[in-house]
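Look at the two complexes coming up: chain A is in both, with chain B in one and chain C in the other.
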Partner chain A sequence: MRRILRLTALRVRRQFLDWSGTWWFTITLVANESLVPLAGLFVWSAVFPGDPRVVSYFAALIAVQIMTASYENHTFSETVYQGTVSHELLRPQPVVIGPIGENLAIRLWMALFGLPPAVLAGFLLGATYRPADLLLALPALAGAAVLRFLYTWILALTAFWTERVHAVVTFGGMLMALLGGAVAPVSLLPGPWRTVAQALPFHAMLGLPADIAIGAVTGPAAVAALGRGLAWIAAFTVLAAVVWRSGARRYTVVGA
Partner chain B sequence: MRKLARLFAAGFSMSLRRTLTFRTNLLFDVALAVAGLLSSLATVLLVFTHTDHLAGWTRPETFMLVGTYELLTGVKAAFLDPNLAWFPSRGIREGTLDTYLLQPAPSLFLASLATAAPLALVQAVLGLGVLGLGVYGHPPSPLGVAAWLLLVLAGAAVTWALGVLLACLAFWAPRLELDVFYNAIWQLARYPVGIYRRPLRLLLTYVIPLALIATTPAAALLRGPQPAALLTAAVAAATATALAATAWRLGLRRYTGATS
Partner chain C sequence: MIAFNAWRWGVAVVVAEDLTMRYRVPVRAGGLAAALASVVRRRYRDVDAVRQVSFEIAPGEVVGFIGPNGAGKTTTLKMLSGLLHPTSGELRVLGFTPGQRKAPFLKQIALIRGSQPVGGSQELTVLDALDYQRLLYDVAPGDYRQTLAELTGLLDLGPLLERQLRALSLGERMRTGLALALLYRPRVLFLDEPTLGLDVTATAVIRRFLAGHAAQTGATILLTSHYMADVESLCRRLILIDHGRVRYDGPLRELAARLTPYKLVRVSAAGATRPDFAAAGEIVEHADGRWVLRVPRERVARVTAALLTSLDVADLAVEEPPLENVIDRAYRDGLA
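Let's turn to the complex of A and B:
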């Protein structure tokens, strides 16, 4: 386990340095992640003018989006298409360490570039939070970061079966935006949809940390939501292992 | 001009034949277009469960706006994105542009419109369906339809010009990939411009005129032709096109080639 952690830390460091030369591209990624919640902010501010929770929710959501962004369909799936994943398969270490390292490095850069403007925008627009709620939102944020990686990773693994991994991940992103709280806070969904959205993993990936940060989900409801998130993490971990094993068996490559 | 139209048709025909060879991909693209549209409609329906007006737009009016947005998004995805996506890396750094410069056709045309992703037009067709949904029961005047058509054409010209202008930046900064940014900011055109606060609204109206993509044409369909809007759109389209052509020429002067 220590060896795995050391290897992951090394990979994060290497990728962090690699990405240091593409700071402008990182800023465009931050803009890309921020614009859906930003549009949500303006839409729902027009619907509920003067409601401070709308601004607080979407400002927190922008931060969650930036800190949980996952691009395994670009970083990993392309290596399947180009055949370079073979190099990783030959190394005496789990292949997933590479994508995890790159994922964390990208998130670090995105947080460096994206969080200061997000905090400033939240401050200027009048977002307010209670410190206790923010503290409670931290485990939810950590869970969202793990869950969103696992979700994107599983979708990215479909590259072993199809050339349209980007379409698969885009579709997955749509579900996440609709049912996860990016298009609208889950509490604003109509009754049955709200229940469905709370039971599915998307809320734990995106909206839950923001809901906890603004105090919309507290006490036993927050604990239950965190528990559901943990259950989804366990389920996705098992699923990722199964899909990986099956995909790696299917993978064939020609040439050196 | 006729030669360019023939080239455009030939490029589209080749792209269509190439696309239809891979039937499973076709299925994926159609499913994705339908899912994207349903997602847009779900958002609109959700908003209107909490209000009757969104920045002064009713539900059928918003459908008209979303339909117009989906129409132009489909056109952009079909004709602009397959050519200009990743232009800095493919066109400039890997030198694909060199092959365009050697061919007997305007390089700007070849770089920005030579190939197509015909299946993306499914989104445009679905957009027209949503537009029909909005118009149903509120038929617009013939003049309104004519103004809408003109404004959509102006919007398409601005869309093309903005794509070219962003791609042209790569002549000066080859590592600057702005199409992710363009696609991101494009999504803001999905809603009435009136919902955005003043600085952003001014930016989306005058600097990056995304208001022309959906809000202005849909407003023309609803309220009939507004001479000021038509004139502004024509000026914006002409200026943006001229700027794009000039930036391309200046960029080419600076370009030194990436291949031998």
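Let's turn to the complex of A and C:
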């Protein structure tokens, strides 16, 4: 386990160095991740003018988007298409260490470029948070980061079966935006839809940390939501292992 | 299937027995109707890339694995390194089943492809990549420094160490790929077209390095190349594969003897004329007093003796026909 952690840390360092040469591209990623929450901010500010929770929620959501962004369809899937995943298969380490390392490195760069303007914009627009809620939001943010990586990783693994992985991941991203709280805060959805959205994994990937940060989900409801997030992480971990084995098996049977 | 004998596991580094790789590829006829039909009913065809290939390689052997395009060379190398699972047959490399890709196995082999000599992140410097490789393969710091110094000298890596991988030329990438692969001193090397696309100088460097490495370390090497000079300079044994089947497995010299029942006799003789060679053999070339004759192998000794006594010979040499010609003939006419 220590070796795995050491290799992961090395990979993060290596990918952090790698991405240092494309800082301008990282800024475009930050802008792209901020677009949907900004659209939500404009729309819901018009619906509830003067409600400070709208600004607070969407400012927090931008931060969550930036810190949980996952691009495995661009990073890992391309190595499947180009055949360079073969290099990774022949290394004496689990292949997933590479995508995890790159994911964390990209998020670090995005946080460096994206968080300062997001915090500044939130401050200027009047976003307010209670420190206790922000603290409680941290485990939800960590859970969202893990869950969103697993979700994107599983979708990206479809590259072993189809050359249209970007369509698959885009569809998955749309579902996440629709039911995860980016298009509309889950707490504002009509009754049945809210129940469904809370039960699905998308809320834990995106909207939950923002909901907890603004105090919309507190106490036992927050604990239950965190528990659901952990359950989804466990389920997605198992699913990712199954899909990886199946995909790697296909890659090594059909052709590398 | 032939049972594997216990002693062979101890002797051979690579053992392949009836190795077969069959791909299932989708097919359909041209046109709109066939395209629509394929939506509801897909048709497939089996393609046999490798068929019942068997061979063994002893420790320290350097073996040339050659064949025309599509013969199954790269597919075989991928199976040997663990990138492909054979459809059937038995395979052991260093006592491991390659397809399981266990860490102790992966730490003892390297697959280097001329088409992709360096994988992974391209923004890193060569030194960063080597350092990462050291940690990945648990190379002790002392060994790392020693091996790096050796490789830097042999592959002239000094000017490259601080450069980014993406900025390297093809020859530099291959030298770097070799350094990355040899840093952890693998016992078995699978080289897939290591001189592909390289210029004369870079090719010579790679050949010299590989010959020296094999001699010094006793590493087992299986090499594919379309350049017969690679094979001639590195390999005593040749495995020739065509249409997925092994057509020849044996010494390089024997293949030449088997395919070309003649040798080339080069003679420089002042004043010699065409009739002087009439009984010697077929004249292949003639220019400036130099003659090249094609002489049946069994007659070479008698012909050279006769030429030396009957002509004023300044120089005489007996040569095997160029390997390119031998292999070309094997590809075209087979080895039956």
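Just so it is clear, the second predicted complex is superposed on the first by the 251 of 256 C-alpha atoms of A that agree within 3 Å, B and C clash if a C-alpha of one lies under 4 Å from a C-alpha of the other, contacts with A are read in each partner's own complex, and residues count from 1 in each chain.
Rule of thumb we're sticking to: a contact is a pair of C-beta atoms (placed from the backbone, for glycine too) under 8 Å apart; a residue touches a chain by one contact, two chains touch by 3 or more.
What you see is a predicted model, and the numbers here were worked out from it, not measured in a lab.
Colleague: Should the superposition on chain A be reported as showing a clash between chain B and chain C, or a fit?
Modeller: Overlaying the two complexes on chain A (C-alpha atoms) leaves chain C and chain B fitting together cleanly.
Colleague: Determine, under the contact definition given at the top, whether A:84 touches first (chain B), second (chain C), both, or neither.
Modeller: Touch status of A:84: second partner only.
Colleague: Under the stated touch criterion, which partner chain does A:174 make contact with: chain B (first), chain C (second), both, or neither?
Modeller: first
Colleague: Once the shared chain is lined up, is A:253 touching chain B (first), chain C (second), both, or neither of them?
Modeller: After superposition on chain A, A:253 lies in contact with chain C alone.
Colleague: Between the C-alpha centres of chain B and chain C, what angle is opened at the C-alpha centre of chain A, expressed to the nearest 10°?
Modeller: Nearest-10 rounding gives 90 degrees.
Colleague: Touch test for A:1: chain B only (first), chain C only (second), both, or neither?
Modeller: Touch partners of A:1: none, neither chain B nor chain C.
Colleague: Looking at A:36, would you say it contacts chain B, chain C, both, or neither? Reply first, second, both or neither.
Modeller: first
Colleague: Once both structures are aligned on chain A, how many angstrom separate the closest C-alpha atoms of chain B and chain C?
Modeller: Checking C-alpha atoms only, chain B sits 7 Å from chain C at its nearest point.
Colleague: Residues on chain A in contact with chain B in one complex and with chain C in the other?
Modeller: 21-22
Colleague: Which bits of chain C are touching chain A when the two form their complex?
Modeller: By the definition above, chain C touches chain A via 23-24, 75, 78, 81-85, 87, 99, 101, 103-104, 106-107, 109-111, 116, 119-124, 128, 132, 135-137.
Colleague: Could you pull out which chain A residues touch chain B in their complex?
Modeller: Contact set of chain A toward chain B: 21-22, 24-25, 28-29, 31-32, 35-36, 38-39, 42-43, 45-48, 162-164, 167-168, 170-171, 174, 177-178, 183-184, 188-190.
Colleague: Would you tell me which residues of chain B are touching chain A in their complex?
Modeller: Spelled out, the residues of chain B in touch with chain A are 22, 24-25, 28-29, 31-32, 35-36, 39, 42-43, 46-47, 49-51, 54-55, 173, 175-178, 180-181, 183-185, 187-188, 190-191, 194-197, 200.
Colleague: Under the definition above, what is the set of chain A residues touching chain C in their complex?
Modeller: 6-7, 10, 14-15, 17-22, 83-84, 86-93, 98, 249, 252-256
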